[in-house]
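Please read through the structure below; I'll follow up with questions.
Note that the chains are named A, B, C and D in the order they appear, and that numbering of residues resets to 1 at the start of each chain.
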Amino acid sequence: MSMAEAIESFLPDGSTVALGVALEPLIPFAAGHEIIRQRRDDLNLVGPISDSLFDQLIGAGCVRRVTAAWVGNVSEGLGHCYRRACEQAIPRTLEVRDHSNFSISLALWAAAWSVPYLPTRTLLGSDILRTNPDLSVVGELAHVDAVRPDAAIVHVQRADEQGRAHAWGPLGITEEAGLAADRVIVSCEELVDAEVTLSDPNRILFPETKVVAVVHEPGGAHPSPVQGYFKRDHAFYRDYAEHSRSREGFEAWLHEWVLDVPDRATYLQRIDVESLRVKEHRASAPADFGFE
Amino acid sequence: MSEPAARYTAQELMVAVASREIRDGDLVFVGMRLPVLAYAVARNSHAPNARGLFEVGLMRDRPASAFLGTMGDPPNVTGALWATRMSNAMALMAQGNVDLGFIGGAEVDRFGNLNTSYVGDPSRPNVKLPGSGGGADIAILSRRWVTLMGHERRRLVDRVSFITSPGYGDGSPGWRKRSGLLGGGPVAIITTLGVLRFPEGGGEAILESVHPGHDLREVLDNTGWDLGVSASVKETPAPTDPELEAIRRFDPEGFWTRS
Amino acid sequence: MSMAEAIESFLPDGSTVALGVALEPLIPFAAGHEIIRQRRDDLNLVGPISDSLFDQLIGAGCVRRVTAAWVGNVSEGLGHCYRRACEQAIPRTLEVRDHSNFSISLALWAAAWSVPYLPTRTLLGSDILRTNPDLSVVGELAHVDAVRPDAAIVHVQRADEQGRAHAWGPLGITEEAGLAADRVIVSCEELVDAEVTLSDPNRILFPETKVVAVVHEPGGAHPSPVQGYFKRDHAFYRDYAEHSRSREGFEAWLHEWVLDVPDRATYLQRIDVESLRVKEHRASAPADFGFE
Amino acid sequence: MSEPAARYTAQELMVAVASREIRDGDLVFVGMRLPVLAYAVARNSHAPNARGLFEVGLMRDRPASAFLGTMGDPPNVTGALWATRMSNAMALMAQGNVDLGFIGGAEVDRFGNLNTSYVGDPSRPNVKLPGSGGGADIAILSRRWVTLMGHERRRLVDRVSFITSPGYGDGSPGWRKRSGLLGGGPVAIITTLGVLRFPEGGGEAILESVHPGHDLREVLDNTGWDLGVSASVKETPAPTDPELEAIRRFDPEGFWTRS
């Protein structure tokens, strides 16, 4: 399935969607850019830190609410579109539901386990408790209300057609996001045979019953890193930060890199992919799944 | 900047000072940017047994072997002791297993409360800052923590308007315990001009040292409250050659320390 | 470190200890038998289903309390020592804190996250809520109080001297048991170099900061299965079930297989290990942890 | 036992009957023993798209390729679609993703409540049974469930003294909903003598069919309450040859079905 078909079919306007759930690596930028090209509206973005993908979706006007711990550009600092939306309602008003990294994870575990909330010892003493209606203090504990995404979108190293996804490296809140979501859209560097994914069922991220689309999208996480495949493109983040300082600069950047680009393959032709590609391979020791 | 700047930058000094907060054997919750370098410096000098825990879901017992733009960059994963979920890293901190945490701040006040959320009315802020990230979690759950920031009057304020990551709240004795916070709270504020330290048991930060090339007046003029000064206030020891060598090995292009 | 040293050093009388946390596979029988040989007393056993290890520890008189979802012999049925203890206080009185499989997992997650309880929608309508003081109903939810083991003991396929353990196959409640416990004792089929475990940090079960002992104990899970190494010895479970029907039969079995056996190596000499060994190997597809 | 026993055992019939409860496309929470075989039979006949979920932490889309003494045996892991934590399997069930569950029972009552914990006073029981395992979770959270047991007067009782896994509680309309139970409850009790089925929306089990070689009187005499009988009570269809063939392929030595 193409990314365009996946977003068209499984991410309607108004969706609550979890993105960037592995934090800095494996951010599904290709999916995010397709969301922008299809001019999705009224989205509720859910995630821990997002590293500029949220900023782009907000600047493009796709977002009604952000439910996150941090929105900006990790190596560069502030998210300029996020600031303009919160401070000046440009391009539209934005509702913010602040979380901490721990609490957004708990909000997703609550949804995964079908409970209305989970209690925690974090957030106590923080004013986040005052501004986010999904958080409260009961006795000596904070209660974090469940956040159930309609969809979670993840980029992984490899997956098969049936939706069995293998990802490695730090996983952030990937697992709880996928379990909490009604449906999962997977984009992958490599589309592999089931014999590859099933050779290591412990590395399969989600039950296939959650996965509604698998998109073969090499380079779909650029400029974020993909262990074993791509390094992080620090300069690209810096370039985005500079262009997005002004609304006009952002609009120009958005046209150049998203709106006037038909698909990810074309996007990659404009990047020095080879300089980013991981070339020294380090294979993990195999696990023996023999049984007889 | 004055003479010492020739040997090192303000950021390099901050990293060196931050690294000295790490004790051997500590489990350090390493935040982004300068703290990543501070862990690398400490691990290569006085704290060979310090481990780093990263909220992205990693534990390490040595610095990454290549430059890191973020804690999730591939060099930080290769050779990691544990690649897991964020909630598992947070579990260790909630259990009191994290000895020291680092938090970056936009605004800090005399009681060590950090604001990284809103300047002005949260419903229509003058400035929307990125938010907590793991900051609130570290501030509440780690045994002790340190923050680093540029020393400006608009950043070191009397009281922050919004507490993202709590220090000692209103500064009254026992505020953290009364509020149910598990961790110990902030121990120091490391700035571009000096080091502010909190008394045992918390309270109000006082000036412990002034960085080489700067003076007391400059520090006081750039602090938004009537900053207390330690009777034994001294000059911050400059970065040693080994410290600078380590910093420049892990930040070869000065991405973090020469910009 | 030997199993005898590990139990001697890290499992004092009165400990709350989690065992058999992967359910039917990877049960640390060698550790359990050493606990019996060292005549540990007043233990509080924590686990999901235990598959006859708990029955043996109870029959040997090591146990004051059981906090579990199920105690018996999975392929054979009832646990006869468990019955004698509960029904006739033989060899001593036993306190039982009944859980369901889901609730014992939640009790450990509560401890791992340092909260006094976790809420759940399971257990509602079950009388387990009436008999276990660690469970309660608050509003429309059941509250499961935290259970914090002093120690968790796990058997894994491989580990290094520093405590980095690799296990694969279904994990049951292994992860939360290790995170909730103050300390973890690991026994392993293979003691490997750190380069093997660190080649795949995603497969490392626990932070090494939790692990206090690594024991190289091949066959340490017999008669339970070890993926890639040993099949389950069904006949051994049946033999245990038959002998343990009577107290005398159990005592005889305990002498033959535990008390009169100095260590695991000797125990294995009495078993047809080759007939149980997995001989057809199935290596998992490697993951690439390269970065440059 | 009478004539049909020559062709199949009581356990083989129970497996065949249980397999017919599985619908194509179901996600089945597979309990130990006979249900493992029932899933295998269904998957190889009328439910090629049924998946199995195992509380140990596994999902499969086909039976294991060798005999299973427990759901955690190595053959059940090789080729699994997911090897994970129990709490993740339970999460799917809590979300209503599990269509059908199987629970083994020691005692069941007219309202489908199961006791696998205590016979007599829990503080000093006459019989201590193994406990819930995942039974209570399945009974409360799965969309519908079935239990299998030997048909004896002491097992099929008017009211169980201890509810480990709730069916329809006191049998009053809406008991499950009022008690906050998410799942739909039991649909059938499959015994060695017949099949008892619950009405839509729950309540009291009534006799739906009597197994070949047994008669209504035998069923009623061995049931601990005045069992209602369906107006359309019939003989349970015997296992087909393909069903028996599948059962014997997955239980070649009759470990579960000929002991």
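Basically, a contact is a pair of C-beta atoms (placed from the backbone, for glycine too) under 8 Å apart; a residue touches a chain by one contact, two chains touch by 3 or more.
All figures in this text were calculated on a predicted structure; none of them were measured in a lab.
For chain pairs B-C and C-D, the one joined by more C-beta pairs in contact is C-D. Rounded to whole angstrom units, the spacing between the C-alpha centres of subunit A and subunit D is 41. Annotation: 27 Å between the Cα-based centres of subunit C and subunit D. Subunit C has its Cα centroid 37 Å from the Cα centroid of subunit A.
Residue positions of subunit D touching 2 or more other chains: 58, 73-74, 77-78, 80, 83-84, 87, 90, 94, 182. Within subunit A, contacts with two or more other chains are made by residues 106, 113-115, 120-121, 141, 168-169, 171, 175, 202, 227-228, 231, 278, 282, 289-292.
Taken as a graph of touching chains, this assembly has some other topology, since it is neither a line, a ring, a star nor fully connected.
Two chains count as a pair here when they touch; such pairs are A-B, A-C, A-D, B-C, C-D.
Residues of subunit B that touch subunit A in their complex: 32, 54-58, 69-74, 77-78, 80, 83-87, 90, 94, 117-118, 122, 124-137, 139-141, 162-166, 169, 176, 179-182, 255. For subunit D in complex with subunit A, the residues that touch the partner chain are 27, 51, 58-59, 66, 73-75, 77-84, 87-88, 90-92, 94-97, 182.
Subunit A contributes residues 106, 113-121, 141, 157, 166, 168-169, 171, 192, 196-197, 199-200, 202-203, 227-229, 231, 278-292 to its touches with subunit C in the complex. Against subunit D, in their complex, subunit A makes its touches with residues 112-115, 164, 175, 179, 198, 201-202, 204, 206-209, 289-292. For subunit A in complex with subunit B, the touching residues are 22-25, 48-49, 51, 68-72, 74-75, 77-79, 82-83, 86-87, 96, 98-103, 105-106, 109, 120-128, 131, 140-141, 168-176, 225, 227-228, 231-232, 234, 237, 278, 282.
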